[in-house]
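Shared chain: chain A. Partners: chain B in the first complex, chain C in the second.
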Partner chain A sequence: MPGRWFLPRAEMDRLFGALAADGRRIIGPTIADGAVVYDELRGPQDLPMGRTAQTAPGRYRLSETGASRAFDYGVALTAWKRFTHPPLVPLTRSRRDGDLVTIEPVIEAPPKLAFVGVRGCELAALRIQERAMRAGPAGDPDHVARRDASLVVAVECAQAMSTCFCTSMGTGPEVGDGADLVLAELDEGYVVTVGSPAGGAIVEPLALRPALPSEIDRAGEQVAAVRASMGDPVPADGLPERLRAALDHPRWAEVADRCLACANCTLVCPTCFCTSVGVASDLDGIEGTTERRWDSCFSLGFGRVAGDANFRPKVADRYRQWLTHKFSTWWDQFGSSGCVGCGRCIAWCPVGIDVREELAAIAPATAPVGPIPWPASPAGGRAPEARPIVAPARHVTATLQSTEPETADTVTLRLATNDAALLAARPGQFVMVELPAFAAPPISISRIRPDGLDLTIRSAGAATAAMTGLQPGAQIALRGPLGRGWPIEAASCQDIVIVAGGIGLAPLRPLLDAVLADRPRFGAVRLYLGARSPRDRLFVAEINALAGRADLEVAEIVDRAGPEWLGRVGIVTQLFDQATWDGSRVTAFVCGPERMMRATAATLERLGVDSAATWLTLERNMACGVGTCGHCQLGPFFVCRDGPVFSVAELGTAFGREGL
Partner chain B sequence: MALPSDRTRADDGSMETSALTALLGDTWFGADLPAGTRARVAALGRLVDLPEGSVVVREGLPCRALGLVVSGRVALRLGLPGGQDRTILTVEAGDVFGWSAVLPPAISTSTGIAVAPSRAILFDGEALRAALVVDCELAAAVYERLLVSVARRLTATRIQLLDLYRPATEPW
Partner chain C sequence: MAAQVAGARAHRSPRATSPKRPRIGIVKLASCDGCQLTLLDLEDELLAISQRVDIVEFAEATSRRSAGPFDVLFVEGSVSTPEQAEEIARLRAVSQILVTIGACATAGGIQAIRNWFDHDDIRAAVYPQPGYVESLAQARPVADFVAVDAELRGCPISPGQLREFLVALTTGRRPQLPDEAVCIECKRRGVVCVAVAQGIACLGPVTRTGCGAICPAYGRGCYGCFGPREAANTTSLATWLGDRRSAADVGRLFAGFTAWSPPFRSVIDAGGGPPGPVGRRSANPASPEATDA
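Our next item is the complex of A and B:
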């Protein structure tokens, strides 16, 4: 039933009835606590009739209009993501019965909802967030199911708030594609445009009369007036590049002095999707549940990794992450801006930080675009394509065959599994490892066997202590393999240099296995190993055996040692900084603490190794492993999904840059 | 163990200097020296064998010679009470030990022990200091290389101080 129809104001309840008859709960604007919010509506009487909103930086006030129109309030405080990407979603239920472990996904049928009152900018936001949740090897099936179960009744804007800038972001005020129905509100009723067969099925039983040309014209004039009133407050041409070139702008520190890092902006943002996973368990640790909760890149611990390292410790780092992600790196990741210009972040910032003002100061339209910190956008090769089917993250239970103590705090678990995906893991990939009642850390695979995997785990807290304390026969849950591994094929016919620091040897061991299994394919193979002390060396017997091979050069060094150690003492670069081998023939693979990898990469560069042939694996807070939680972002990359293996050339100056 | 006696002092001093000059040219320290300077540096040195366990310098005592390792490995250790010495660096071919010999008061900052059979060129500290005072070209070359070596150690020590491989706590 395509076309345009007219719904008299007094008959709005008929539309509500049709939506309800379709089995849908109706979500729309209503007034609560002095603001318009999106919540369940009993009927048209719950709409904010006769109200409008005045917004300004740090300010939101409702007032009477004296008219009876229902949609003159701009956008509601809360975005629609509350229903498509809820603040709390149960993920798994797990249980341990002796050695047996079961982890079951919590699959809830999504509620069948009708969203009434979706603005043009908000429709774009739904599309943008959905694209992010469908990206990667396994997106967010809960989000996708909820989105697929929703029906959108959009409403054209007849007024712009002072904080609106959808015109600059290209998302409004006109409602774009994707709505099932579009309403344009006139004083006497609504021009109804059918946008989809589902929308047509809703209005068909209403037997509406066709909208008159004059009604259609007035509706068009209204939205055109809104566009004219807004102008173009944030010139978007070249904005992603201008922002990338301004990573060191002093304004980041200035805005950080005002920013409270309260995360209001990300919570009200209709596209922000970052989450964390919380774990709850019974007191004896037998049963556990995991829940996905909204989080924010403004949270202090959002970029934290093991060892109390925090990649974005300052508010300036976190503000820069948010703003550059919204307006710049979102393009790299998902092929669009992450901002739709709804202005919520401006109105709901308690100190009135206006993103338009910050953009104008940091990346003005007149700013020359300098060199960008990372050389190439991963867009196109990575994320933008929306996938119709999203595979849920899948847990596989593996059984511990044996354990091998490596050091005082590190154990290698030899796990048996017949899962084809796990057995097809590539060197350099990782798995999320889960025990009931414990958080699931990402662990690199330290050996890939025909019948299972080895994981070398350092006890660093409750979860890893529980894992390293497991006895043979115990089960453990794995999710993976995840991430991009070492590009062994690119090293064919090349000399191989492997540099490992500390437990960084673990993800390099499968690479070494693969190289040695196909030894004639490669030139010289050199293995340089650093450790904290002699007793912190990993895989000692294996390394000693390798050192005896004629076709492999092995050199070890430790940071500190007592007099009983007659080997080398110093930093790992000392092993090769005077090397005379031809760097142009070398493909290098490096893993260790980031500071050690920076020193290694610099030494390799000085020895002539191409930055495109120097591969390293980064550590970031990889919480979901599939690029949907947002924790591990580094510039345009999701480290868990796009990495963790990157070449130094790919990372550009993002590698080692403080605060990214 | 005292400094080992030299094994290669020949009756014909010019031949020994020639051999040392060539040997020096094979090392990082001497490779890029102008030929004349390299010969003058070599003239101040003597090649010695350092059996495993040889103490080449001793922390807190006069440092009588600058050593350039030709082969093997020398551990530089700092003493701790109770004999719990710590090795803070090992020096291998091309690198130096005993740089304190060049700088008054010429007191060793660590104890150097050959932890593998080693060879080194030893430059008498007194003679070297005297030569560096009168030979500006020599001084520029030697001091620059010593500075590079010490700076490299400083950089390494800074990274070691970070204790990058220390046990970590999990963030989750």
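Our next item is the complex of A and C:
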């Protein structure tokens, strides 16, 4: 039984003093512009004494309680993530001196803070968000440091707002484990419960008297009354499965008619963690900085990939992404719900969309639990070699040895590096490639050499145009290797089929290198290559040389032939027309445009290739590379971390589904 | 409005085609000159900018004049007279990249309110001798007349976005001009939502960000000077606002500097058109700050 003490109301300043004496700035509830927000407090006088809030969908109003309590307001507009996952975090400083490139991480010592007034639901949210930011083996160092530097003084709720539903989410109203101190507010003061040694060290010098049993009882009755007043507005049992079965529900389109896609729900959500990277530079692009900004799956840019394609163009897609992530795929990713029931998304929606109503309409408790569209836990099905092995802030500069033009718009950069991690890259992995003043695109490694890497880059935007224009001697920054590569081990003793469309051959070339380097380990090796035109073929000399080898088959086809082309014309799946091989012995590796991969996967299935032995690599909008920015999500997957290589079986119906 | 062309061609830096400094022009049509002056607001870097680009036409700042050609031409103002319609066609022909700046050039501006009214009535209401005035029946955005490569929104434009555009131009990268809602900027800044907490009508959710959420930060509702963002669901917002306001008052909230942009126009039309000097006038005008508290 932890110690329980009593802090008279008039002595709250002694607690504040003890927190300050511990070297902490105190963050807590205070009133600004008509709402309770969390901000720095000078002392107890800044608390929202005698104020409460009325909330309803799209509406928030403060009012007087006529009493002197300080914590009667529900939750503040701001979530604590403002302090653990700030809206703007500087990431890197970069500089280009002639050919030389330096990129340094910006590491700020986190402020030592005390969070006063954390609710049960918010404590759960801090834990949930921290788990998301620590999920990669590298984790997010900024978040972890900020969280470790904070001390939590939780306060039990004495009343529920109309938008609260923590009881359904299992996060409150009672404050759970993890707080350093827990206060329960009575009219005359606070029952103080010590939750950690750090919390004990704060209250010990205050020499508080033990709380009386009657005080402890009243505190308990208070929070029990809050629980009773809330009921169970969102039956959560089976909710993740019910939502997964409702991906095509007509309600998504209906809610999109009302949804403004303004992103407010995600920005006030205490667990939403998605960010984007912004780039700034001086006028000459010599000095650059990058910073991480809060972003949202509701903004169009969030789903944009190279070439201005977008995988979530419709508002209905974006709303579905948010709701299914929060209540369903979060379980797959992090083993819990992403919602804590704080109700902020309801109150602060400018048009009052109520997530409780939407869930009741889309996935009612009576709805059948449908077939699982993808494996329940991608983490469970993931090969152990999948893990990225470098911290996200670690940049390595590599020097351009030579460039090899491949097509009119595609160049292979031959980079020299002695970085052990980069040289240990596995086929199918990618690197984030950065030049000062430019956004960093993810680029698949197209050859792993003993002294460096090849990157084959198509000039599709400004950054890739700058990269393809570099001259030998120039430096470029790399972060990686990242992601899960091709599972070559699993293909041992199997026949190998490699199918590439256009530049999709680039990430397959290291696989081909590895297979040829250990040729006796594999059965037949067959290479099927498609390109838009003869001029768009990659690695032409190498492929021509391979075609002459007796121990592998090479078949090529182009969409549009020219006078110089004597080979086949058509799409890559036509190369399988005369295939006589036994698909059950085949492990297939596929890369190309998404439509081509879908058609190829279907053809391979007809030929008897197991969907668990058909591997492909997905290009999504990968930005952080370690699963913490949220951009590359596809159903339960972070493509950068769980992929980019997936088997068709792993992806299930997530593969090729529009708007996911 | 030339919706998503912003930046589509702009990343083709003129520097890539010519080793010389890009020739820049800044011109105006029907407008107040405020957006052009934003360039002069980049005081700290103005000198450095002028060393990297060759400003050959900028009547607000220099007596040096040029009729073109331009590598990049910034155009302020809406097309409001027959003369301007001819001029913009000529300017387009001599400009490699044409960038519209400000609410007038990108959406028609406040003067586009006249588009709802009889042209002769309006002229008679404004000028004692309308016969001396030659104007088009409608004030319209530049993109209605010629192809536009990029646009900077706002009334006036944001110095930060102008700088970003110029830096992208000189370094050959793509300008970062977000097309999401003002709400994102509000929440990053920690501004309390004026719509939810005070019931102030705010167009932030349907308006493109870039201003830094200035108005909500000062306790006002956004009045949409950057114009509609992508997927601007003005119908839903108008329905919500209409719960406590007449359709005419809701329409009036949208009838500002970017009124003529289609997503805003549809709400104004549903409210019976904007209030004006002639014709219908709202019986009980509500200012954008009017609350439903």
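The working rule: the second predicted complex is superposed on the first by the 640 of 660 C-alpha atoms of A that agree within 3 Å, B and C clash if a C-alpha of one lies under 4 Å from a C-alpha of the other, contacts with A are read in each partner's own complex, and residues count from 1 in each chain.
Here, a contact is a pair of C-beta atoms (placed from the backbone, for glycine too) under 8 Å apart; a residue touches a chain by one contact, two chains touch by 3 or more.
All of these numbers come straight from a predicted model, not from anything done at the bench.
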Touching partner for A:R61 - first (chain B), second (chain C), both, neither: second
First (chain B), second (chain C), both or neither touched by A:A599: first
Partner chain(s) touched by A:G461 [first = chain B, second = chain C, both, neither]: both
First, second, both or neither for A:G301, with chain B first and chain C second: both
Touched partner set for A:L566, first chain B, second chain C, both or neither: first
Touched partner set for A:L283, first chain B, second chain C, both or neither: second
First, second, both or neither for A:P111, with chain B first and chain C second: neither
First, second, both or neither for A:R532, with chain B first and chain C second: first
Shared chain A surface residues [contacts with chain B and with chain C]: 301, 308, 439, 461-463
In the complex, chain A residues that touch chain B: 301, 304-308, 409, 439-441, 458, 460-464, 501-503, 530-532, 536, 557, 559-563, 565-571, 573-574, 577-578, 592-593, 595-596, 599, 621, 623
Chain A to chain C touching residues, read off their complex: 32-35, 37, 39, 58-62, 77-78, 82, 87-88, 257-264, 267-268, 278-285, 293-296, 298-301, 308, 315, 347-352, 437-439, 461-463, 465-466
Contact footprint of chain A on chain B as seen in their complex: 28, 73, 75, 77, 84-90, 92, 94, 115-116, 152, 156, 159-160, 162-172
Residues on chain C engaged by chain A in the complex (per definition of touch): 4, 8, 11, 45, 48-49, 52, 164, 166-168, 170-174, 176, 178-181, 183-184, 187-199, 202, 204-206, 219, 230-231, 233, 235-237, 239-240, 293
